[in-house]
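What follows is a set of structures to go through.
Here come two complexes built around subunit A, the first alongside subunit B, the second alongside subunit C.
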Partner chain A sequence: MTGEIVLFLLLAVFTLAAAAWSVVAPKVVHAALGLMTAFLGVAGIYLVLESPFLAVVQVLIYIGAIATMILFAIMLSDLPEIRGEAIPAGERGTRRAYAAVPRWLARLIPPAAGLAFLLLIRWEEVGLPALSRPGPAGAPIEIEDLARLLFNQYALPFEALSVLILSALIGALVLARKESE
Partner chain B sequence: MVPQSWVLVFTAALFGLGLWGSLRATNAVRILMGIELMLNAINVNLVAFNRYLADQAGQGQVFALFVMTIAAAEAAVGLAIFVSLARSYKGINVDKINILKW
Partner chain C sequence: MSKPLLELLIAGIKFALVLGFVSVNALFLIWLERKVSARIQNRMGPIYVGRPQGWLQTAADALKLLTKEDIIPAGADRLTFVVAPAVLFTSAVLLFVVIPFGPGLIVRDLKLGVAYAAAVSGLAVISLVMAGWGSNNKYSLVGALRSASQMISYEVSLILAMLSVVILAGSLSTVEIVEAQSRIWFIALQPLGFLIYFIALLAELNRAPFDLPEAESELVAGYNTEYSGMRWAIFFLAEYANLFAGSALAVTLFLGGWQGPWLPPVVWFFLKTFLVIVVAMWLRWTLPRVRPDQLTSLGWKLLLPAALVNLGVTGFLVLAG
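Moving on to the complex of A and B:
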């Protein structure tokens, strides 16, 4: 078992636990926080899979944009049913199992996750054994290679995506606008 | 190197959790969160296959980037729809919203 495999297993368990919490959490805000934590775990998985650029983009877009947007939408609305949701009778057991987790443990999770992420980025500087690297045949993909692909071979889809983002932006503005009568 | 089957088991579990979450919820925001989890699982799958089967080419990572972009656009439009639904129907319980039902 190399360090990489141990790291992968830890991150996988962490991510799945956070995802499961985001599915069964009785309050929607807690679900959104669980989702954020799961995104962080997936960013760590990208680092283990030697895709550091995707890990950074994951933190930027998924945690920074999508999860924050969901949190905004939940917190800015005053509907009680958005904040808390009645749990179906069949799933009370799951809820009780989660309620049994002590509160201090739950409070420790976010700082621990942040520290683990920092440690992961600076893994070798800290002096921990190096993660196993593939031989020269499998040189990791550099950001430069990604940029070359993105702006040569996939330039047209890239531009199409920018149009999609723009139309989504305008569409969201139009949909969420208050009707003035 | 992590065996690829382990990564696939992980992404299958993550996708399953997302699917379960989006199917059991009646709150539209929760359905959106389930969809985001599923998209994340797909992204990890793309990156994993890229790494294990075509190590020199970065196509899988590029496609994962595209998926992320589309997920962001989808979340923006979805949340805007929920905001306007919440305004006109006083709620986003998908069992009660049936305006598309004939």
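Moving on to the complex of A and C:
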């Protein structure tokens, strides 16, 4: 096994464990932080795949913007754990049940996933039919190429996407705005 | 020794050097801040520990903090409470990777240097929210939310100002940006960009006049109210590490980095960086705190449009040649 695969496996287990934690964590804030940690793991995987630009964008957008926004929304919402009160008994019961059952599962998921990844990587050597033809190893994609594609060939979809996001922003403003009259 | 192992060793040594520099430098900056504030308020500042100018005072303070009891409040969320200072310090240390102290004196000349710096500094917001929420204290939470909203809104202008420099230099690498300023510093071409960057930087660092998140008169101490001992010290260390990194980036982007006549490059770099830091300290001790509505309208109604126009004009001029 090369160092790359070791790194990849470590990151994959890390990411999946964080994602599993995000699902089973009884506190909402912990779930959000788990999601953020998983994002970080994905950024690491991009780095292993020699795509630093994607990694930087992943951290900038998914952690710097999306995870922050999620945390913000949680902080501003009217949850008992934000108000500093104890979680209501009934809710706590269901949460505990929800948290307790998959806990042993959560412990199993990372090693199982790691094993699956290992199997996928060594698939052909094990003697199983190839899943996909490996493409020709081209030159690494530079930021300049990405920018050229984005602003020429994909300029229209790019703009359409920004209009979509803008409309979502305006929609959120309209929804969040209290009636003044 | 095999090559990857050697590389790992070199990376480890570089990391240790940066860590040592960050810690010692933060101690020095805290001493400097106390001296500058004392000068402005007509006082002496620390003078007894380490005569004649009290230069050992902050080292003594750090030792005292190290020996204090490690308190985690009973109602706190242990995990977030403990991890938050570490996250803030990590994001501060990671910033030092792309700061060029001199020709060849950089941890790693990343191709995406400026974008990397923007991405890494985004982690700070999350650590503050973690600290504020994990403390289970309303003053901490309000302080954390204030600083998070402030940092998010000023980050936009900050990054836009950085981008205008990137357009001028035609590169995201910090080393190439410094080299592009060999004829003329970018502050001459981007006076507005520098002003926007500097104001947004002060807001990013939660420093006065933008220190609403830790407004002592209303919030006790903001997000770090419940912290004490070494964890509290780490918050302070990270704050001053961020101050240095932000000023060093200002020097790299606008003030020609290590370039200058006669003196060695490293000396120039530190002279310029400390000049920016002292100006930031001077502003902190002479300006009153802004009101929340002033903060919001300055960020969204003045800085952001100005940064956008600046970016557009820069792009147009570079394109027109």
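Everything that follows uses one rule, which is that the second predicted complex is superposed on the first by the 124 of 181 C-alpha atoms of A that agree within 3 Å, B and C clash if a C-alpha of one lies under 4 Å from a C-alpha of the other, contacts with A are read in each partner's own complex, and residues count from 1 in each chain.
Just so we're on the same page, contacts are C-beta pairs under 8 Å (C-beta built on N, C-alpha and C of every residue); 3 or more make two chains touch, one makes a residue touch a chain.
Since the structure is predicted, the reported quantities are computational estimates derived from the model, not experimental observations.
When the two complexes are overlaid on subunit A, subunit B and subunit C sit side by side with no clash.
After overlaying the two complexes on the shared chain, residue contacts for A:5 are found with subunit B alone; subunit C is out of touch.
Of the two partner chains, subunit C is the only one that A:68 touches; subunit B does not reach it. Of the two partner chains placed around the shared chain by superposition, subunit B and subunit C are both touched by A:53. In the overlay built on the shared chain, the residue A:29 is in contact with subunit C alone; subunit B does not reach it. In the superposed model, A:175 lies in contact with subunit B only, and not with subunit C. Contact with subunit B, but none with subunit C, is seen for A:16 once the two complexes are overlaid on the shared chain. Using the contact criterion defined above for the overlaid structures, shared-chain residue A:42 touches subunit B, although it does not reach subunit C. Within the superposed three-chain arrangement, the count of touched residues of subunit A is higher for B, of the candidates subunit B and subunit C. Closest approach of subunit B to subunit C, taken over C-alpha atoms in the A-based superposition, is 14 Å. Comparing the two interfaces of subunit A, the one with subunit B and the one with subunit C have residues 53, 57, 65, 82 in common.
Contact residues on subunit A toward subunit C in their complex (touch as defined above): 3, 27, 29-30, 33, 36, 52-53, 56-57, 59-60, 63-65, 67-68, 71-72, 75-76, 82, 84, 143.
Subunit A makes touch with subunit B in their complex at residues 4-5, 8-9, 12, 15-16, 19-20, 22-23, 28, 31-32, 35, 38-39, 42, 45-46, 48-51, 53-54, 57-58, 61-62, 65-66, 69-70, 73-74, 77, 79, 81-82, 85, 88, 91, 132, 134, 137-139, 141, 145-146, 149-150, 154, 157, 161, 164-165, 168-169, 171-173, 175-176, 178. Interface residues of subunit B facing subunit A in the complex, by the touch rule stated above, are 1-2, 6-7, 10, 13-14, 17-18, 20-21, 24-27, 29-30, 32-34, 36-37, 40, 43-44, 47-48, 50-51, 55-59, 61-62, 64-66, 68-77, 79-84, 86-87, 90-93. Per the touch definition, subunit C reaches subunit A in the complex via residues 4, 75, 77, 79-80, 110-112, 115-116, 118-120, 122-123, 125-126, 129-130, 133, 136, 138, 141, 144-145, 148-149, 152, 155, 172.
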